[in-house]
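The same chain A turns up in both complexes below, where it pairs with chain B and then with chain C.
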Partner chain A sequence: MNAIGRPSFRSLNQEGIVFAIAVALFAAAAIGLPGFLTADNIVAIVRSVSVLGILALGMAVVIIGRGIDLSAVAIMAMSVAWYLQLLNTGTPDGLAFAYVLVGVLAIGLLNGFLVAYADVPAIFVTLATGSFVFGYVRSQLITQDAVPVPQGHWVELLGGLRFLDIPVEVFVFAGLAFLFFLFLRYTKWGRYIYFAGDNPVAARNIGIPVRPMLVLRYVLSAFVALIAGLLTAASLHSINTRVVNSTLLYDIVLVAVIGGIGLSGGRGGVRNVLVGAALIGILLNAMTIIDIPLLYQNLIKAAILLGAIIVDGIINPRDEQTAQQGDI
Partner chain B sequence: MSFRERLQSWRYNLVPDHLVGEILTKRWTDNAIPFLALVATLGVFGSVIPGFFKLSSLQESTRQLGEFSMVVTGMTVVMLGGGIDLSVGSIFALSCFSAVYVFFILEQSIWLALVAALATGLIFGAINGYLVGYLRLRAFLTTLVTFIFGRALFDILVTTYAADVQLSQASSDVLDFIGDGTFWGLSVSVWLAIILAIVTHIALTRSRPGWHVLAVGGSRRSAHNAGIRVRRTVFMTYVFSGFCASIGGFLIACRLSGAGPGTGLNLEIMALTAAVVGGVSLGGGRGSVVKGLMGAIIVLTMTNGLIRLGYGTGTNQMVLGIMLAVAVTIDIRWLKNRHKVLNEVYVAPVYLKMGETQSAVPGSGTPYQLDNRLSVADHIGLGELEGPEDVILDRDDHLYCGTRHGEIVRFFAPDYVRSEVFAHIGGFPLGLAFDKSGNLISCVGAMGLYSVSPEREVKRLSAETSRSWTSIVDDARLRDPNDCDIAPDGRIYFTDSTKRYDAHDWALDSIENRATGRLLVYDPRDGSTKTLLDGYRYTNGVCMAHDGKSLFFAESWACRVHRYWLEGPKAGTAECVIRDMPGYPDNINRASDGNYWMAWLGMRTPSFDLSLRHPDMRKRMTRRLPQDEWLFPNINTGGVVKFNEKGGIVEAMGDLSGAAHPMVTSMREHKGYLFVGGILNNRIGRYKIAGADPDWTSPASYWGAKS
Partner chain C sequence: MKLIRTLMAAATALAVTAFVAPTFAADDPGPAAYAKALNGKRVMLVPLAMGFDLAQGWAHYLKKEVEGWGGTFETRDPNWVVDAGAQAITDAISSDTRPDVLIIHAPDLNSYSKLMKKAQAAGTYVILVDNPANFPADAFVGSDWDRLGQLEAEAAIKGCGPNSSKKIGLVQGDQANSSSLYQYAGIMKVLDKNPDFKVVAKPDSNWDATTSRNVTTTMLQQNPDICSIIDFWDGDATGASAAIRDAKLDGKVFLVTTGGGEKAADCDKLADGTYGAVVMTDLARQSGDMNAIIKFLLQSGQPAGTSHTYIYTLEKATTKADLKPDSCWDLKALQAEAAAK
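Let's turn to the complex of A and B:
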C-alpha cells in the first residue's frame, strides 16, 4: 500500500513477492500434499491464522507508528486468564469483565505513557510490561497455568458458533481487518499514524497530537489483544498462560514484517497483514500435514523471520547519518 | 547587620550548597544510584532471609553469580557499543550443550569440551555481529530472532540427546573441580568472572579497541567520521558477548553435569535488566563493567531471594518487569535532564555585604570622579578586532593584543594601521607580558599559561597546579587564567580567577560571588606551578611594583586591590591596599611617573550591591528567570584609575558617552600614550597622556634599556 503518495514500488515488490510465494506454496501443497486442498482444511488454515491475524492487526498499527508492542501476548493470555479466574471464583460476569477491561486499558495506557511522555524506547517498555503482566497475574491473581472456561458461559458458546460451517473467529478477523482498513485509510487519525510513523518530529511540527496518538495506539493494541484472547479461550475452552513463553509473539511480528510492514514505520497496511497471515497459515498447515515436529517448526519459523528481517533491512535500509542515537 | 542578614550569611556562606552542583558534574555520580540499590537489596534480603550471608549459602549463590555476571559483562560491552544482545540465553544454553555433548557423548577430554563451548559462542556471536554490524539490522529484533532460533535448536538437541547424557559414564576430576571445587575459598566460576571483569574493564578504559567501542556507542556518526571502523567494532562486541556467554555455559555444564530444558531460560531478560539496573545506558557510550556487575548482583539477589522466600511462579517475572521499567525510565530521564538539573543547582550564591564606597559621579569631588577624557582617544583596529582584553607594546613599538578567536594580533608601528596574526593559540588570550628575552607570555582563558617566542613559536608553560585535598571540582586545572606579570628573577606570577566556572562564564561567577580566585606562580627554572594565595573573589590583574619586591593584584568582585610581598619581612603575605572602590578592577600596569594604572571593567550599582546581600534572591533568579533577565554587574561604564605605591587614588578617567570605551579591561602606557583595551570592545584606544614621559616604555621599565 502506498501510504503517503510517494513511489514505493520496492515495498510493493516485497508484498508481491510474499504473495507470489504464498500462492506458489499453496499450489505446491495442493498438488503435493494429500488432504490439503479440501474445504475443511482451507477453513482450518483460515481459522488457525485468525487469532494470529487479529493480534497482527494491533501490532501493525503500532509498527506503522514506529513502535512495537512486545506485551501483546502477555496481555492477551493474562487478561483472559484473570477474567476466567474471576468467573470461576464467582464474581458476577459484568463486574469481572469491567475489571479486566480496566486492567487491559490501564496497561495500554501505561505502555503509551512511558513511550510517549517518558521517551523510553517502546521495545523496553513493552518487554518490561509484558514481563510484569505475566508475572503479576500468574503469581497474584490466578492459581494454575491453565484456566478453564466455566460451563455454559458465553465465551464457550462463542467457540461453537458457526455460519455456513465457518467458525466465528474467521468473521471476527475479517470484520476487524475491514474496520482497521477503514480506520487507517479513511479516518483523519488513521492518516496521522502514517505521518507520525514516517517522521515524528515533522508530524509534531505540523500540529498533529503525536503523543496522545501514541498512547491511543498502545491502548488499541491492548484492546485487540483482549479480543484475540477471548477468541482463543472460546475455541479451546480454556486459556493456557504458558503461551506467553511460546513463540507466538514472534509469529505476530513475523506476520507483520513478512507482509511488508517496515519496522521503521510509516509504511504498510491491512493488506500486508493479510498477505503475511496467508503465507504463515499455509506454511504452518503444510508443515503440520507433513508432520514436522513443533520444535522444528519453530526453527523454520525463526529462519523465515530472520530472512524477513534481513530483507526488510535491505529494502528499508537505515540511514547512518539520520538514524537516531540509541535507536536500537 | 540585621538579624535577617546574619541568618542569611550563615545559611549561604556556611552551608556548602555549591558541593551539590560539583558532585553532579562528576561521572561517578552515575554509580551512586545503582550502588545504593545494591546496598538496599542486600540489606533487605540479608535481614529477611535467615542465613543469607552464611558461607555455604553464599557459596552456592556466588557460583551462579559467577556464571551470570560473565553473561552480563558481555551484554554490557555490547550495550556500550550501542547495541543489545538478547541471544545470550541461547548462546549460553547451546554452549552448555556443546560442552555436554563433547564430554558425555563423544567422551572426549574436558578441554575439548571447553573448546567446543567457546567455538559455539564465538560462531553464534559472529553471526549476530555480522547481521547487526555489517548488515546494519536492528540489534533488538535481530538478536531476538537469533535467540528464538538458538532456543529452538537447543530444545531439539536436548530432547534428542537427554537420555544419552544420562547414560554416559564419562567423568573427570577437572570437571568436578570446576563445577564444585573452590580455590582460596572462592569457586572457579567466581574467579573466572573476576578475571574477565578486570580484563574487560582494563580493555575498555585503557586500550584502543575499548575506546573504539565507547566511541561508537557514544556517537556512531562521529566515530565513523573520525575513521573508526564502526562496523567491525560493532561486530567484535557481539563476538565478545558470545564468548562471555559461552564461558558461562561451559561453567554451568560443569556444575550441573548436563543440560536441561531450563538451562539459560529467561537469561536474556535477566542480563538486560541487570545491565540497565546497574546503570549501563541504553543506546551506548555510558556505563562500565563495574556497573554491570552491580546490576548482576542486584538482580540475582532479588530473584533468588524471592524464590527462597517462597513466592510462586511468575513473581520473578513481575519483579524483573518492574525493575526493568523503572531502571530504563530513570536512565532515560536522567540522561535527558541531567544537564538541566545541573544548570539549575550549579550556581550557589553566597552572602556579601560590600563596604560603603565613594562616589565616582563626575563633579562629586572625590578622587574617583570620572571624566570624559577617554572619549577622545584615537582608535586602532576599529571593526577588525574582537575582544582585545589586554594590550602590550614591545621594544620596537609594535602593539599586541589577544582576540576572542584565540589569536594574538600584532599592529605595526608607527601608525598601527597594518596588522597581522602574530600567533594562533586557541582559547581566549587574556593577560600579556614580555619576559626578559622578549617572549610574549599570555594567560589564555580556558587553556593555561602560554609563551610565544619572537619567532612565533607557541609553547605551553602551565595548565595545572597541584590539587587541593578537599576540593570536589578539579581545581588542579586552570579554568580562567586571567593576567600575569614577571618578577625580576623570571618567575611568572599569574591569577586564575575562579575554580568553578570556565573562562566564558565569568558573569555567572560574579552572580555567585564565591571566593575561589587564586594567585599562582610559575617557575621557568623547573617548570613547576604553585598556588600562592586562594580564596579571593575573582582575582584579576597582576602588576609587579616598580621596585620588583612586591606585586599588586586586583580582586574584581570585591572591588579591592591587594599587595603581595615577594621579599622583605612580609614576604609571602598579602595585604589589602585599596578597598571599597566604586568600580570593579581589572588589569593593573605600571605608569611612567612611578604610579600604577588600573582598569575598571564596570561600576558598582546600588541594586547589584543590594542583591549581593540577598543570596536567596539571586538563587531564585538563576533558577526561574532566563539568563537575559538576570541582574548582572554593570559593565556598561568603566574607566582607568591611577593609584600610587601606597594605594592612594591619584586620578580617574572614563568615557561617559560610552561610545568608544564603555568597559575597560586593560591599559598600557607607552611613550606618552595610553593604549586602552576592553574584552567586549571592537577597538584599541590610544590616548595622549598630558605631561607623561615621552620616552618611558614598559619593557625598559621591566628589563632595562635596550642593550
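Let's turn to the complex of A and C:
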C-alpha cells in the first residue's frame, strides 16, 4: 500500500478502471457522435454534473470518515426553499440568510452530535434528519413545492454570471474541489479524517479528536449542500422541493462510490469524485445525444454502478479489519 | 261612496288572498331533495401532492362548494409518492368516515386500479381528475391529453412559421404517466399531417427542471436551429427556458408548454416572453365540472361504479397576443382569501 488516501497505481484499482471507461466512452462519443467534441458541449457536460459533483465532495468527506449523509439533498432543497420563501414574504435579505445559515448549521451539528456522541449509526440519523428537514420546512415554512427567486435578486444574477462563456457553477465546483483537495491532503484535520475513517478506535487511542472531527464533517456537508442549492436556484430561477424525492441522493453516492471512495472509509479523495462525476457526465450527455429513453438511461447507469461495485469487491477484497468493524 | 270604497277594498283583499294562497302551497321540492341527498356527505381529494398549483386550486374550489351544501371536504397529501397515495386511499375506504366521493389524481395508468375498484365496491363514487387511468371510474374530469398535445403541436408550428428550420424538440415527462404518453401521441398526430416539420430529439425530463435544463442544453447544441421546443409540463419547463436563455436563443426558440393556468406559473411567463404559448387548463371551470358531477352522482341514486362519464375540459393555447387579465387564476389571491377567513 502507498500512503493512506493515495490511490495505488501499481495495481489496477477502481478509480483506474472507471477513469479508463470514462476515457473510452469519451473517445467513442467524440468519434461517433457529431457535435460531442465541441467546446460548448464539453462545458455543458461539466456544468451538468457541477451541482452533483459539489454535493459529492461533501459526501466524499463524510464517507472517507466512515459515515454517510443521506440528508444532503433535503438540506440542499429545503434550506434554499425556505430562504426564497422568506424573501418572497418580505424578510430583509440579510436576516433571511442569517436564519438559513443558522438552520443549516443546526442540522449539521445535530447530525454530527447524534452520530459522534449518541453513537447512532449515520445511515439512520441522516435518513431521519433528512425526512425531518423536508417535512418540517415543507409543512410549516413554505406553501408550495416550487419557490421562485424574487426578480432581480442576487441569486438570479448569480445564475447569469459567466466568465469566458462558462457558467459560474463550473468555477464554484472547481474552486470547492481545490479547497477540499487542500483540506484533505495538507491540513492536519484533513489527514486525521483518513485515520479516523480507517480505524476509529486506533485513531482515538493515539489522541486524535475523533468525535469533534465527526461533527465538523457533517456541518461541512450541510454547508456544501446549501451552496449546491443556491446554484440550482440561480440557474432555474426557482427551487423545486420535489428534488428530495428524486434519485439525486443515490446519484451523489454513485458518483463518490463509482470513483473509488470505499464505503468502508479511509480511502479515496477529491480525484475520485472528479473521475466519478466525469463518467456520469459523459454517459448522460452521450445518452441524451443518442436520444435513449430515460428508462434505459437509468438501467445503463445502474448496470455500471453494479459492475463497478463487483469489480471493486474482486480487486479490493474485504480484509480482516473491515470484516470485524463493518461498513458504515 | 263609502260603501263602494269598502266593498272594493274587501274585494281587493280577497283577490290578493286568493292569488297568494296557492303560491304558498306550491313549495319547490328541489331544495329539500337536494339537501337530503347531499347533507353530511363526505368528499375526499387525493392528488399527486398538495404542494402544486393544480391541487391547491382544485381544493380551493371544491371545498367552497362542498361546504356550501353542508358536506365535509378533506384532502390527503401523498407528496408525489405513489405508495403514500395508495395508503391514503386504503385508509379512507376502510375508515368509519368512508368518503362518499373519492377524487383521485392517478400517478399512472394502473397503480390505483384495484383500490378504486375496492372503493366502488364499498359504495364510494370514484372520480378521476386530470390523469386518465385504465379503470372505469364513475367520471373522468380533466384534459383530453391527446387533443392537448395536438394544440401544443399546432402552436409550435405556428410559432415556428413557414420560413423556419421546421425542427421541433420535445422534452417529454416520462414513459409511464398517461398525460405524457397521450400528449406525445397527440403531438405526433399533428406532425404526421405536417411532414415538413420534424422532431429532432425527444428526451425525458422525468418532470425535473434540472434534468429538463440539461437535456435541452444538449438538444440545442446538437440542433442550434431548432425553432420550437415543447416541454410537457410547466413545472419543469423552467429548466428548458433556462437552457434557451443560457444558449442566448431567447426569442429564437418558441417554447410551448402546458399547465394549470396559474398566474405566476403561466401568464407571467407568457407576458415576459419566457413561454411562447401555453395550453392552459381552465381550472375554475374544471373544478366546476367536478362539483357538478359530484352533486349529480350523490343525487342519482345509482350505485357506485355504474356510470362512466368523460368530462373533458375545454383547452386553448394561449400566447402573449391573446393574454387577457382573466386568462389565469391567481394562487396567491386564493391563499390570501383562505387566510382571511
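Just so we're on the same page, the second predicted complex is superposed on the first by the 299 of 328 C-alpha atoms of A that agree within 3 Å, B and C clash if a C-alpha of one lies under 4 Å from a C-alpha of the other, contacts with A are read in each partner's own complex, and residues count from 1 in each chain.
Simple rule for what comes next: a contact is a pair of C-beta atoms (placed from the backbone, for glycine too) under 8 Å apart; a residue touches a chain by one contact, two chains touch by 3 or more.
Because the structure is a prediction, the values reported are computed rather than measured.
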First, second, both or neither for A:235, with chain B first and chain C second: second
Which superposed partner A:199 touches (first chain B, second chain C, both, neither): neither
Contacts of A:295 with chain B and chain C, given as first, second, both or neither: both
Partner chain in contact with A:91 - chain B first, chain C second, else both or neither: neither
Which partner, chain B or chain C, touches more chain A residues: B
Which superposed partner A:44 touches (first chain B, second chain C, both, neither): second
First (chain B), second (chain C), both or neither touched by A:138: both
Touching both chain B and chain C, residues of chain A: 138, 145, 295
Interface residues, chain A side, partner chain B - complex: 114, 118-121, 123-125, 127-140, 145, 247, 250, 253, 263, 295-296, 298-299, 301-303, 305-306, 309-310, 313-314, 317-318, 320-321, 323, 325-328
Residue numbers on chain B that touch chain A, as the complex places them: 82-84, 131, 135-142, 144-146, 148-149, 151-153, 155-156, 159, 219-221, 224, 269, 272, 276, 282-284, 311-322, 324-325, 328-329, 332-333, 336
Chain A contact footprint on chain C (complex, rising order): 49, 51-53, 56, 79-81, 174-175, 201-204, 206-210, 213-215, 217-219, 221-222, 235, 238-239, 242, 245-246, 264, 331, 335
Residues of chain A that touch chain C when the two form their complex: 34-35, 38, 40-41, 44, 47-48, 51, 138, 143-146, 148, 159-160, 167, 232, 235-238, 240-243, 245-246, 284-285, 288-289, 291, 293-295
